[in-house]
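Structures incoming, each one as structure tokens.
You will see chain A twice below: alongside chain B first, and alongside chain C after that.
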Partner chain A sequence: MFGYYLQLGLRSLRRNPVLTALMVIGIALGIAASMTTLTVMHLMGSDPIPWKSDKLHYVQLDNWSADQPYSDDGRPPDQVTYRDATALMDAARADRQAAMFKLSLPIQPENAEVKPFQALGRVTYADFFPMFEPPFAYGGPWDRAQDAEHARVVVLGQALNEKLFGGQDSTGRSVRMGGIDYTVVGVLGKWNLRSRYYDLTNGAFVDPDEFFIPFTTGIDLKARSSGNNSCFRSPGDGWDSYLASDCVWIQMWVELETPERLAEYHAFLDRYVDEQKKLGRFPRPLNNRLLDVNEWMQDQQVVSRDIEVQTGLAFAFLIVCLVNTIGLLLAKFTRKSSEVGLRRALGASRGEVFRQFLVESGVVGLAGGLLGLLLTGFGLLAVRALYPDYRTVAGLDWTMVATTILLSVVAALLAGFYPTWRACRVQPAAQLKM
Partner chain B sequence: MEIRPILSALMRNKASLVLIGLQVALTLAITCNALFIIGQRMDHMHRPSGINEADTFTVGSNGFTADFDVHATTAADLAILRAMPGVADATTANSLPLSSGGWSTGVNLRPNQTTATAQTALYLVDDHGLDAFGARLVAGRGFRPEEIEEVAFGDQLKPRVVVMTKALADAVFPDGDALGKSIYLHETEPSTIIGIVERMQQPWAESDSIEYTTLVPVRMPYGNASRYVVRTDPGRRDEVMKAVEQKLTEANAGRIIGRMRSMEAIRAEAYAGDRAMAIILGTVIVALLGVTALGIVGMASFWVAQRTRQIGTRRALGATKFDILRYFQTENFLITTLGLALGAVLAHALSLWLMQQYQAPRLPWYYVPVGCLCLWLLGQLAVLGPALRASRVPPAVATRTV
Partner chain C sequence: MLKMTHLQKIYRTHLIETHALRDFSIHVREGEFVAVTGPSGSGKTTFLNIAGLLEEFTAGEYLLDGIDVHGLGDDGRSRLRNEKIGFIFQSFNLIPDLNLFDNVDVPLRYRRFPAGERKKRIEESLARVGLASRMKHYPAELSGGQQQRVAIARALAGSPRLLLADEPTGNLDSLMARGVMELLEEINRQGTTIVMVTHDPELAARAHRNVHVIDGQVTDLGAEPVLGRAALDGATATAAIA
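Let's turn to the complex of A and B:
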């Protein structure tokens, strides 16, 4: 019976091409607007590492000034000092821990034909790799012993390895950065990182890190981080006083396997801060935080407010499109009253007529969904053009394709419900009279 | 007027009334709020930065050789840049307006003050700074060559003299007598205000205090990196930008010349989000008005088709073509009006929600009445086609059976 209804529906849609086109375009526009914005919003906020996002925690300590809070809403600073980062690394109380910062270094390729260039990388500890699980194409991470030795080793990102070594296995070779030679121990493969969630202070949607070097080695360079640095009082002159200062510029992550471990680590942090208070630091009340990946992303508003507003308005637009479709379907079905009367008089039950018209609405929804999918594709291209940083979050995956079609059909069926119900109430006798 | 029969006809066809009314209401609510947001973004984007934007660009140098002498290179680079044909002036600078990265610090009125009087952005420039940026001095003077200090990277700033924006000067010295007064950027060392510029925005487009800026006469390289701001003669920016990389590389090959961006590109990047928001909301508005208009056309066509016999009967009973036209136009006007009444409430509700959720400002009152006028017009235009078709129904239709 479904096949027959489908045939009837298609025939009826072909009979009024203009009205059908209006309905399909209306639904397609509404679907495209909502799906484009929803996709971007969904991908921006989606869990970047779902299998362990509840185990990775971002360390925040409130070492700010007694005279004013770091932020008016009472949140502690979003980064930690060198003193605290290294103290926590040395204590090694978490299952894994990695302090890190962003650093820009000039790179002098062996190949004289490639001009020296500037690369942005990350200075961090060996644990970074098992914690955030970037895929390795060649080699692997350095180890904790090399952290302790201030080893001059580097892990290259895929793009930088492509640029320097043509994408070949470069492990064991050396790269000259800032006048110092580093030995390549590993090369990353394609890391599908939607947002750089481990350093939200310096932007969630930025180019991936091009290289990684050990933290201890990076500090020896006495080079300031290329990322954000905040101080509530002057750090004084020179590198050593900067390291000893209360300026925050380092991101610190810990991995804690169980909630018990988390509670233990929280208690450890509180004890640590109490110790520091005795030394005259941390004048503010205890305000340590250990947010997990998703909480930290929410705290830092990775999903931009603009995108939320756009999504809200796009769905309001979809509602207008649906109301429009209801009106048009109502017009269409009312016009077919005599056909309904005839079918009813020939023995079709109300339920059968109901199903027939609902199938017709569904067909409109399906057509709208397919066209909407195409328009969503264009919409996402437009988003990429408008927001160059969002290329990692403006793409369709199969879930979103399926959602688009489903949303469209469901929307059209909903829109078709009232007109269909009206059509079914037709009295056969009234319509058959001439 | 024939409103009562129209109303009673409408009441018998409540579904269409509700559907078109609802569509008009939502359209009004969304359009008003979206237009308001677009307007805010436009204002935001068009704030002047206070510097010459058309002819200005920035370029960076970063040494990588072991024996790199950043101070000597910087001095040599400045001489080369200033001598280049087409260059009006050049300075070292740590940052420039809207470039999104820079330094800020507290401005204090007393030594060792615990809570800062105001937050200011810092631009480290030399004696060519004001001219290279093209900022307009409104009081006092700019920096003299002997006032420029070479400060080692990582050392504290203790400028003896500073130039600040009028907005900052007025905020710190509300009596308007900032010139010649002292402020503290350092904990204990005072700085005398020797000049006031009309305007020079901070590097951060979203800053709450974007007009609060201080210029200090300091050259401080960032490690082995230095940055220059170059203003060219009008219209020669692109030509100079093309030549500059080669010129500087020739002078010293032991560094990377990079981060070259025109002030126009910097502005475009700083406001890319606002621009995108305005374009996306604009697109939604256009699509929304289009769908609503088409919906009215569709529904009106249906009613005309539905009532062909009645129209014929009315015509046969003496109604003129104009009467028929007026009937449909009035009907649309009534429906739209009902929708707009609901829409006005929805528009304010949406505005309230945006205020609560996103700290957005309140929708100004005139958006709704102007929006109503536009939607009335849209409705009348949309219904015109079907109404004209209705007016052409011949009276003879009344006598025919279907």
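Let's turn to the complex of A and C:
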């Protein structure tokens, strides 16, 4: 009977095109508003590396002042000091580990016709690449030995390679950055990062890194991080004082394969901090954290409160649209009372009438969903145009396409429930003038 | 076929009670063609609604083809209505945006007949009323008489045992009315029991028996009925009056 109900539903929609259009547009507008914000929220908060997000952990150590906490809610600092980062890297207790910071360097292209320009990149360790798995178009990452050797090697991002070498395989070629020549060992392909989750301290929705160089090499440059830097007291003068200071400016990630390894590493961090306390550091109570990728994204409020409020408002608008649809469906179904009476007289039970009209509501929802999908596409284009930072998350994926259609059908079914219930309560005798 | 005994139907509001049927008893045998007459407001329509299981009654007993309908749920009443009863309405009650084929298809859908069986029945029914060639036409493209023929085809498609007709010629001119009446007589001759409500004494006279209703009560159960050919062939049916 479902096929029959579907056929009747489609026929009924064609019978009152204006009423149908009002209902479909109403649902489509509500769906589009909801799905535009929901899509942005969904993609902002979605797991960027689901196959291993529970194995990658962000390290936080509370080295802050005894006089004041780093934050009022008791969270430890968002980054670690150079001393702690290098100590943890040297200890190498995790399965993989990568300290990193953001760095801006002037690039001097080989091609004299291209003017020098600044590029933002990342200073990190060889383990970064197997940990975060960026795709390589050419070559590959440097290795741990090259970390130790302070090798002057670079992995170029896709955009920078395009700019410098026209997108060709540039491995083995030289790039002059900050007055030093680096040999290209690898070039990244298109890295579909919705958020730059490995460095949320410098903004989740920013341009991808244009280059990667070894941490040890980056420190040799004595160039300060281009990212955030927090100190609770003056670091003193000079580069060495800065490295020895309590200023936090380095992000530290570890990869731990099992919960047991996680527990072991946590214990190791506690022991490390206890040792540091003996040296007069870490005056505050033990407050080490190892948050996995999703926990870290929540902690950093990647999905901002504003977006949540906007999504809530959009769903409120959807409810208004549905109330309007309820009214229109009531009008439509009331006009069909005589047909209901007739069908009841010809043998339809209340249940059959109920199912028929519910399917008709579902057809309205389906049509509204398809139109809503189109409008959602326009909505996301508008988001991209108005908020360039959100361009990586303002796009529909298959999950959201399916969710849009499903939400629309479910919303229409909910809206149709009361009018349908009313329709199936029609007394046939009253409608048929027997 | 249809037996009502001491039936009562009372419509109640918080102010008044209206006795639409009181101590209403009638027995229609299989194969009969009964005309129900009476003035407006006498209870004819209420009788037909109850007979067609479209309304419940307040008290009494109603056996339809031997089945006590009292206490049947909505599904049971709907199924019984679909299988045993065909309706013919004064205003035809065709669904305007369905063509003739799909209009006749409606009761068969609820009967869960397979597609092939439905098609066969629809074609046969429309052929029986002389409209086989107009299956794809819509009701608005037909005359009143033709529309009533479609309604009759719809009522017959499910092979009901009982046909309930409410002023079947009330909206037709005399020529068309005669055609419809002849069709009903033909159907009755083939064995279908017909109960017809009418104001028209000429039409009522063509039924086997006239039942007169006044103030919700049967006042005249009519003369000894002359049964249709099928019933006579069965040689079992006799007039029976409750």
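Here is the rule we use: the second predicted complex is superposed on the first by the 428 of 434 C-alpha atoms of A that agree within 3 Å, B and C clash if a C-alpha of one lies under 4 Å from a C-alpha of the other, contacts with A are read in each partner's own complex, and residues count from 1 in each chain.
In the analysis below, a contact is a pair of C-beta atoms (placed from the backbone, for glycine too) under 8 Å apart; a residue touches a chain by one contact, two chains touch by 3 or more.
Every value quoted in this text rests on a predicted model; they were computed, and no experiment measured them.
Taking chain A as the reference chain, the count of touched residues is higher for B when chain B and chain C are set side by side. In the superposition on chain A, A:R11 makes contact with chain C only, not with chain B. Touch criterion not met for A:V153: it reaches neither chain B nor chain C. After overlaying the two complexes on the shared chain, residue contacts for A:P428 are found with chain C alone; chain B is out of touch. In the superposed model, A:V80 lies in contact with neither chain B nor chain C. In the superposition on chain A, contact of A:A348 is made with chain C only, not with chain B.
Look at A:V303: by the touch rule set out above, it reaches neither chain B nor chain C.
By the touch criterion defined above, A:G178 reaches chain B but does not reach chain C. When both complexes are overlaid on chain A, the residue A:M400 reaches neither chain B nor chain C. Comparing the two interfaces of chain A, the one with chain B and the one with chain C have residues 434 in common.
Within the complex formed with chain B, the chain A residues making contact are 19, 22, 26, 29-30, 33, 37, 65-68, 106-108, 115-118, 178-179, 223-224, 233-234, 236-239, 242, 304-306, 308-310, 313-314, 316-317, 319-321, 323-324, 326-328, 330-332, 334-335, 383, 386-388, 418, 422, 434.
The touching residues of chain A, when paired with chain C in their complex, are 1, 4, 11-12, 14-15, 338-339, 342-352, 427-429, 432-434.
Considering their complex, residues 15-16, 19-20, 22-23, 26-27, 29-30, 33-34, 37, 62-66, 114-115, 152-156, 186-187, 222-224, 255-256, 258-259, 272-273, 275-277, 279-281, 284, 287-288, 291-292, 294-295, 298-299, 301-302, 305-306, 354, 358, 401-402 of chain B touch chain A.
Those residues of chain C whose C-beta lies close enough to touch chain A in the complex are 45, 48-49, 52, 54-55, 74-75, 78-79, 81-83, 87, 89-91, 93, 95, 97-98, 106-107, 109-112, 154, 158, 164, 166.
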